[in-house]
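Common to both upcoming complexes is chain A, partnered first by chain B, then by chain C.
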Partner chain A sequence: MATAEQEQSTEFLLDEKTLREIETMKGAGQWSIVWRRIKKDKMGMLGLYIVIFLILMAFASWIILGFDNWLTHQGALLGDPSNPASLNNLYIELWLPGMPADSPLVLFQHPRHHFPELAKLPPSFAHPFGTDGIGHDMVSRIFFGATVSLALGFIGQMTTVIIGTFLGSIAGFYGGFIDEVLQRIIEILYSMPGFILMIFIIVLFEDVNIPGGRYAVVVIFFSLIGWGGTALIVRSNFFSLKHQDFVEAERALGASDMRIIFKHILPNSLAPLIIIVTLGIANTIFLFAALAFFGFGDPNAVSWGDDLNKWQNDLLDYPWMPMFPALFIFFTVLGFNLLGDALRDALDPRLKD
Partner chain B sequence: MSRPSEDILLEINGLRTYFFTEEGVVKAIESVDLEVYKSETLGLVGESGSGKSVTALSILGIVPDPPGKILSGEVIFHGQDLRKLSDSDMRKIRGNQIAMIFQDPMTSLNPVFTVGDQISEAIMLHQKVTKKEAKEKSIKIMSLVGIPSADERVDNYPFEFSGGMRQRVMIAMSLSCNPELLIADEPSTSLDVTIQAQILELLKATSEEFDMSIILITHDMGVIAEMCDRVAVMYAGFICEIGDIMIIFKSPYHPYTRGLLGAIPRPDAARDDLTIIRGAIPNLINPPSACRFHPRCDYHMLGLCESVVPELVEIEPGHSVRCHLYTDEGKAWMAERGDKRVIGTVPKSIAAEVKK
Partner chain C sequence: MSLKGFIIRRTIYIVPVMLGITLMNFTLINVSPGDPVVVRLGLIHCDHDDCYNAAYNGEAIEMGLLDSDYYTVPWFNRYIDFVNDLLHFDLGNSWYYTQAGEGVPISQIISERAIYTVVLNVLSFFFSLLLATAIGVVSATRQNSFWDRSLTVAMLLGYSMPLFWLAKLLMLLSFQLFNFTGVANKDAFRKPLFLNPTFYKYLILPTLALTLGGLVFMARLVRSQLLEILRQDYITTAKAKGLDNRAVIYKHAFRNGLLPIVTIIGNSLPGLLAGSVMIESVFGWPGLGTVFLEGALFRDYPMMMATNTIFPLLFLVARLLTDITYVFIDPRIKY
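Now for the complex of A and B:
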């Protein structure tokens, strides 16, 4: 009864807006504070929108292409499934049960198919981004290239961060010999020119045949040499966190080392990791695009970097061919950097508002 | 007033813990011998840096290593030496049979988890219960330690609690597995006085309810007087006096204990100057030889105190002192010189004995 009375009296005193504000403040954990700060940051929100747009685009293109391949193999679309060469996948088509089998809904020109007679067309209504030197539709190339370009950035950065976090937390927690060894390894990795090393490795493994093609080699090698920075940041974070009282309290409760490291200390260093990942994805996408630009990508892949490489010499005559892939790489890097900077500001505990 | 040895819950013999730092070896604990009886509260009192907290960490085997190392001694709990247990066996005892609460409740809780998560985790570490049962139990313990509307507060983060409430959460966490021994490392030091009283009251009540022994570490003689059955006085890594609270407060034997008690202002006493203990606590990298108190001691026996470590002498059952005033060597030294150092509160019988 007492609580009901209290509620009534507060309703008396506070107007509805204040009450609603109190309601939103309740349970205001760290993340809702971070979200509120990002919302105030206009450039950060722009970055967030760009990133969300790109992620949606990559997922949509991945799903549509997969669906199209699946339908074609099911025989729903025209073509002979037993003979891939005969498949009629000039366009991305959508066919739903009940539609006439010979007239599916045409969505896009297939990113891998080209019509030589349509080559080098400037942007027009039929081809908003124009066509490339051998007759690919640039919109289709850009749309379906998002999957590879973004996935490479994500996967490359995530594996790097996971390796770096694991090694950094072990070294930071135990210190001593393990830490010394780790630091020396990082110094060795840092003393080598990464980009040239990557090119060397790609050339070395040019003929290797593993699922994922040449980009799998690139991603694996990138994460093998790229974890140093993350490891150092996590390590220094652990150095300050491991002497906190709650670690000792946890030990007094009988928790094992692994539990303390990964369940208790690591969540406390999540903020820098999120910033590393966000800014790192931009850098990784940029690095892979740069590798492709210099001709060390996968010529068979549909990706922005490879398209940029293919048509870089046509910049003056047919500017749309290299321009649109370059523009999308630029927007991706810009979006992730803006979001990363906003996150860095929002996660800074010294800022309070 | 001593109790039969089968009532002993925890016994520490000759514990020695050093820290091997770059500046040198910090001899934090030189020799600690004490026993904790079942369902009693033992106070561990001493200046900052006298090794109280390190003793607690040594009992649980969680001295930070490196640089810390327990060099020798045994910690016997329920008849088994905890120092000989494997790491995983020891983890089963920590938090389960021996729990610990820390000085600063502001930093001893993990800031990124709700208090409910943390109490539940403590329960699930030692008991086979589901997450839901653990949470229900957490709520029950939280209301037991006096956290109002525990069923709502269980989902709050530590930063949403005040200092006193956080210390209650810490106590709830340590009580979650019904430990037999609770080590409370200055549980009330960082709280303000009214909250201090509440927390101490809570500790006292729960120790009775759970039939649990407490080692209460503090430098506040008032807290000791309020809470404890027995008290052990530590100085620079040695236990210098241990005994029943009434005996120690009424007639302290060790010069250091006397100094400590003399330094407490009393509202009822005449407005005399408080006695002081000269000097400061020594640097433990290079501590004074033998009896580490000798440079500050009013009863310093030249040639003896700095060369021979005094043994722990049992004055009467359950009351031991580590001081040359009461050892055979000391008595011989005084007899040789016709010295009458034993003065003040020391019972006449002993003073007479020393005189002889």
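Now for the complex of A and C:
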């Protein structure tokens, strides 16, 4: 009785601003509320724009590079797909109506084709980011490097989160022996600095031949060792949720364990998972860039980290060569961090500063 | 239970975790493709298969992969041998660092190089803790002021900047300003180390880089922790009874904010360690991080095994110290 009264009295103490917020939120679903909160957060929106821009860039470069023959067949790119020496193997070019067909506007060089006579050119109109030490156009390296750099971050983080969620839900739901074993494993994995453990693994497994090259090995091992954090958070969420009334009700109705886990408890712990994914992608991209920077990437891949590794010692003489890949890694990490912070504030306002 | 009992229990607890870590490293080496004996042999000149086989077998016996009757030693026997050696502080000989054709004992390399890593890390940890506290207090007490906003943005930018790149940028800046890149050379490490002024000159940039790396990380935490505490009722009470702001912040808020901060710093030590590896490599600082990276680049298996045992051990000891610190910071904690 007393508690009910207290609750009543606190409700009247809400200030005007909160009341207005409640008014606008009335009848809205959870996600539209979250979206409204993010829209108010200027830094978060900046992060969202950066992330969208980068994802579009990665998709565009993937399509142009992966399907350039097909695109040429469709007439979107110039060149003769049956002739390997044709222009479209060297350039991604744009033909605008009214331009002569044999000299189209060159947007990007092919990222793997380099002109030794164009090496080490500073930024200019033809090469806005300059050219690198052996004559690649830096703009094209940056543009086409987005695919690998972002995809690695996404795939790596998604797999760790999926593994971590699965193991964390099992441990949190059943508890007992499974939970004990899992906790000990996480403890062992967490005592190793991730960067150092990854280097150790990459060196040991660099000879493995699997489709996808060395980065596939990196991603597989990253997801095998990186799931601990997610599992711990999901586990603690399950511990707090599994004795709540809605779970008991579902159990009384005869739902199976799997149904309770995946249909009822997991959707209720979605908010922390979204935050983990967003902030985790930033960390993963940073980790892979760091690995590449110190020579544990794939030197044949077109990615920002590997370009950074190749030209890091030219920083003093030709600063544009390593500067632009580094700048883009910085922007990516910044974008995901901003978006992740905004999401955290929006999904869980209690944490807001 | 007494404090002593708690410390002993926590210390003993390190043992199974370390066993797990060494077992994991050992299994990884064992399941990895490629024959370590071939890596170790490298290019040897042999006219016959017999000569090569003899060399191969000799090397394998020396590495403990084969016993004296040319039978394969089971991996758990080798693991027990490894742990046994470890308990006698025998980490084996390095493959990459050699002296007169013989591998240098790894324990010798590590005891020589550890001092560089310790100096660098302790200094930058101290500075970053100090600066992070200052920045956190300034930001939290003047929330949403100009200073708070600019510091928060600066911390966010620094947080998103890859640490190795921050170090490179510092190098570039210092080169433009003072014509000094900070890449360490032999002069810097002439003995006696602490009386050598060149050593301090070359210490500046790595320390600065590592300080910034830790600072951006910690300042965010200090700020958010303090903000949360400043909203508590007892802070209002302290203000209401007329205490000045300084006393409220340092005597009431900050002490209570210490506990979560200590936790997170203790848990972030692997990150700091990894940061130290990056900074050392960029500036050619000859500490443990460089030893580890070079060992890894040249596939020096015993060295990698040793560093992969030492780094987690350092981390576990640091966490043990964190847990003990709790007891002193917060009298409510039972042990």
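One rule holds in what follows: the second predicted complex is superposed on the first by the 286 of 353 C-alpha atoms of A that agree within 3 Å, B and C clash if a C-alpha of one lies under 4 Å from a C-alpha of the other, contacts with A are read in each partner's own complex, and residues count from 1 in each chain.
Following the convention adopted for this analysis, contacts are C-beta pairs under 8 Å (C-beta built on N, C-alpha and C of every residue); 3 or more make two chains touch, one makes a residue touch a chain.
Since this is a predicted model, take the numbers as computed values, not measurements.
Taken together through their common chain A, the two structures put chain B and chain C side by side without a clash.
Judged by the touch definition given at the top, the superposed model places A:Ala252 against chain B, while chain C stays out of reach. One of chain B and chain C touches more residues of chain A, and that partner is C.
Looking at the shared chain after the overlay, A:Leu279 reaches neither chain B nor chain C.
When both complexes are overlaid on chain A, the residue A:Leu48 reaches neither chain B nor chain C.
Within the superposed three-chain model, A:Val34 lies out of touch with both chain B and chain C [touch as defined at top]. Taking all C-alpha atoms of chain B against all those of chain C in the superposed arrangement, the shortest distance found is 19 Å. On the chain B side of its complex with chain A, the touching residues are 57, 60, 62, 66, 88, 91-96, 99-104, 107-113, 121-122, 125-126, 155-157, 170, 173-174, 183.
Chain A makes touch with chain C in their complex at residues 43, 184-185, 187-188, 190-197, 199-201, 203-205, 207-208, 282, 286, 289-290, 293-296, 308, 312, 315-316, 319, 322, 326, 329-330, 333-334, 337-338, 353. Residues 27, 29-30, 175-176, 244-246, 248-256, 264, 267-268, 270 of chain A are the ones that touch chain B when the two sit in their complex. Taken in their complex, chain C has these residues touching chain A: 16-17, 20-21, 24-25, 28-29, 32-34, 143, 156-157, 159-165, 168, 171-172, 175, 181, 223-224, 227, 270-271, 273-274, 277-278, 281, 292-293, 296-297, 299, 304, 307-308, 311-312, 315-316.
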